[in-house]
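The structure appears right after this line, and notes come after that.
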Amino acid sequence: MRELSTFLYRRPTMYLLLLLVPPLLWFGTVYLGSLFTLLAQSIYAIDEFTAKVVYSPTLATYKQVVTQPANIDIILRTLSMSVAVTIACGLIALPIANYMVRYASPRARALFYVGVMLPMWMSYLVKVYAWRLILAKQGILSWLLDTMGLGAALEAVLRIPAIGGPSLSASYIGMFIVFVYMWLPFMILPLAAALEKVPESLLQASADLGARPVQTFRRVTLPLALPGLAAGSVFTFSLTLGDYIIPSVVGAPGYFIGMMVYQQQGTAGNIPLAAAFSVVPIVLIMIYLAIARRAGAFDAL
Amino acid sequence: MRYRRWNQPSLGARLAAYAVLAFMHLPVLVIVLYAFTTADRTYEFPPPGLTLHWFAAAFARADIWAAMRLSLSVAAVATFLAIILGSLTALGMARGRFRGKESITVLLVLPIALPGIITGIALLSAIKSARLDPGFWTIVAGHATFCIVIVYNNVVARLRRLPRSWIEASMDLGADGWQTFRHIVLPQTATALLAGGMLAFALSFDEIIVTLFTAGHDRTLPIWFFNELFRPRERPITNVVAVVVMIVTFVPILLAYRLTRRGAE
Amino acid sequence: MTCAIEFRDVSRVYGEVRAVDRVSLTVEPGEFFAMLGPSGSGKTTCLRLVAGFETPDSGSVLLNGRDVTDDPPYARDVNTVFQDYALFPHMSVLENVAYGPRVRGQRKQDWQRRAQEMLELVQLGHFGERRPSQLSGGQRQRVSLARALINQPQVLLLDEPLGALDLKLREEMQLELKNLQRRLGITFVFVTHDQGEALSMADRVAVFNRGRIEQLDTPRTLYTRPATAFVASFVGSANVVTGELAQRLSGRSDPFAVRAENIRLRTLTATADAGSMSCIGDVADVQYHGAMSRWQVRLDSGEVFAAALADAHANGDFKVGARVRLEWSRADAVPLAATERP
């Protein structure tokens, strides 16, 4: 054993290879291999008559994705939801994160941290299902609005074309609420971390120079917390962009990118189209990452 | 204007913060409540009555047990693979500079950075191209990939905090590489390994996004659950399963969190 | 007699930086050897090369005449006391001390007994069951000493072991270490950046600068006969005289050094001693240091000299702003190596 030890000690490269080759082999074949297959599939096309994949490289599938109006619809719909969710998460996370960091006593702060992390760890599917229950026609939210006399208002909101739907649990606004709920911890935690890095002395200096709390927040805290916001937004944006479960469970009839991918590989068997569609979120996320990086997101992660 | 100290929060701010916190925990309470309702066809609120009947009914369902067994075995195998491969990776990457180290780091971030749907469709196209049959091992393959990353992150963070002087001291005193690993490295990283393993287990058990692509005709518990959402047969049974899933995934994560907190002190 | 340690033209390079640059040295058995230098000078790297934590890029390391350049640390008859003590927190103090014998396969009752003996040797006999986190800095240091010495190594390496201790404790430990070394008779190699420590404890000192040894000598020789400007200013405080001033004072342009305590302050009217050098300047600053006081005197040509005198010799003629003459005997002007290494 000692000889083996000394042998490997004198050959650090071999030792490294011994450690890294098995996992990298797995990763390379299972993960990278799959990704390459995906990209490969996206440059093939499906023959419309035989419904079989034609294995000659073509950009026709990509063209289909970015030019057909129905597809553009889908992409824009998903994109706008992602942006809306990101903005909403940011707006909600700011007050609670700020409170957590600045004003809460140490014990309350610990409670808040655990309280924010706990829902993050709960089962994803169970959380989605719970919202289905809450938003259901006779569920808690309807009951609450009814007892407050807002039942008619809810009906009116649901009739608005862009955000409404047949019922709350099958509408865009319902979907929006669920998305915001799901990704809120992912926005709160990096934001809180970034806010913690803002030294108390800066805020005191600002107050000393005559700024009221709101002004200090707007001029000192917010700009310095931007990296945290950017980091959190990366999560909310990419998670919404690629999700297909929530739109299926709590969604209006309109399709989202994720649902398109899932559906195309399933019943239609059109893997090239599914593949091409799945490249869209990758591209969008990379663009968003480039923007977020400028805002300092990578320093806050 | 009512005077208050300049750095004390307003009542509104405090209310808002606690309101958001409550909002984040509402759904869990709802699930637990609905598991006891007597209404079997609707989601009506307030529940007409409370009963334990559905728990018994759920326990009698064979298909639920089958799905549970599949989920548990997939999670067990995936976690096992993750612990071995993840630890090896962490040991190799913890220290030292070598060519390609940055690329490997990027590679190890991808499964978490890219949306699950990408991983799912990628694996499916690979399965189809290789003309394999989706089944137990394809599910495990998908899970193990991100489980490896989870274990790796936990262990490598712990390894990097291990002072190099301890390892040097051990070797200086006469312990070879293997003895140093056994006496010094392993005891110090055991909690991180355990925490990573439990986290991986919980996430594998709960996994739905990738599994829907790689499972073929097999049904893990989340898949069973997902299907039930569109066929509202006996809703309260679904609620009971939801409670079970919640507990099975929540407990390991909580334990993992406690372990990492203790390890960091 | 074979040397305990020998370096033959050893180099260790990190990219562009030559941490150790073709160093050769020998350490005699039973010697208390110090490696002195500022941080980044290569002294710690040399220590690690002896221990085996680093491998040289060229040259060879010999222990007791045997080439150990490729040997891992556990194969060398050398033990180290680390700067951060490196005690294993998940083991008791006794288990820490017994680690060496344990991994070499000794039986439990044997290593328990020996570890207890070592703890008594460092006056920590009752601390066996404690954890390292429950000990003070000084106690931890003694545990790491015991842990190293239990293996009866031929050479003990100490990496700035007293740096973390406060002044009083440091002085105590210096005495203890010296006594311990004398009693055990093994070779001690000691790395420090504190020249006072090196001078008071070591038999011989190697002064490191930028990866090279500038001078390897006994403390007394280092102090009275520094070989280079660096050694002159690092060991004790010296005035280094170069260029035009050197030419003017000594008649040659080669640089030389004068220790501050060898300079006498004279009034302008006093007669110069024969066989001495002198120059004139204004007192810029006086600092009181208890037994001694230090004068900073600025010459007309701009250079600043430091002179240190016992307080008893000080008098009113030498206040700030006064014009004084500095004087020292020729014998106290130590010639330095003519060329500065780039």
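Lettered A, B and C in written order, each chain numbered from 1.
Keep this in mind: a contact is a pair of C-beta atoms (placed from the backbone, for glycine too) under 8 Å apart; a residue touches a chain by one contact, two chains touch by 3 or more.
Here the structure is a predicted model, which means the values were calculated and not measured.
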> When the contacting C-beta pairs are counted for B-C and for A-B, which pair yields the higher total?
Replying inline: A-B
> What chain sits nearest the middle when you go by CA atom centres?
Replying inline: B
>> Report the inter-centroid distance (CA atoms only) between chain A and chain C in whole Å.
In response: 59
>> With centres defined as the mean C-alpha position, give me the chain B-chain C separation in Å.
In response: 55
> If you average the CA atoms of chain A and of chain B, how many Å lie between those two points?
Replying inline: 17
> Which positions in chain C touch two or more other chains at once?
Replying inline: 72, 74
> Got the chain A residues that touch at least 2 other chains?
Replying inline: 2, 5-6, 9
> Which residue numbers or ranges of chain B touch two or more of the other chains?
Replying inline: 176-177, 179
>> Please output the residues of chain C touching chain A within their complex, sorted ascending.
In response: 70, 72, 74-75
> Which positions of chain C touch chain B when the two form their complex?
Replying inline: 51-53, 72-74, 78-80, 82-84, 86, 88, 90, 99-100, 103-104, 147-148, 151
> What residues of chain B sit close enough to touch chain C in their complex?
Replying inline: 163, 165-166, 168-177, 179, 183-184, 187-188
> Where on chain A does chain C make contact in their complex?
Replying inline: 2, 5-6, 9-10
> Contact residues on chain A for chain B in the complex?
Replying inline: 1-2, 4-6, 8-9, 12, 16, 19-20, 22-24, 26-27, 30-35, 37-38, 40-41, 92, 95-96, 98-100, 102-104, 112, 115-119, 121-127, 129-134, 136-140, 142-143, 181, 184-185, 203, 207, 213, 238-239, 241-245, 249, 258, 261-262, 265, 271, 274-275, 278, 281-282, 285
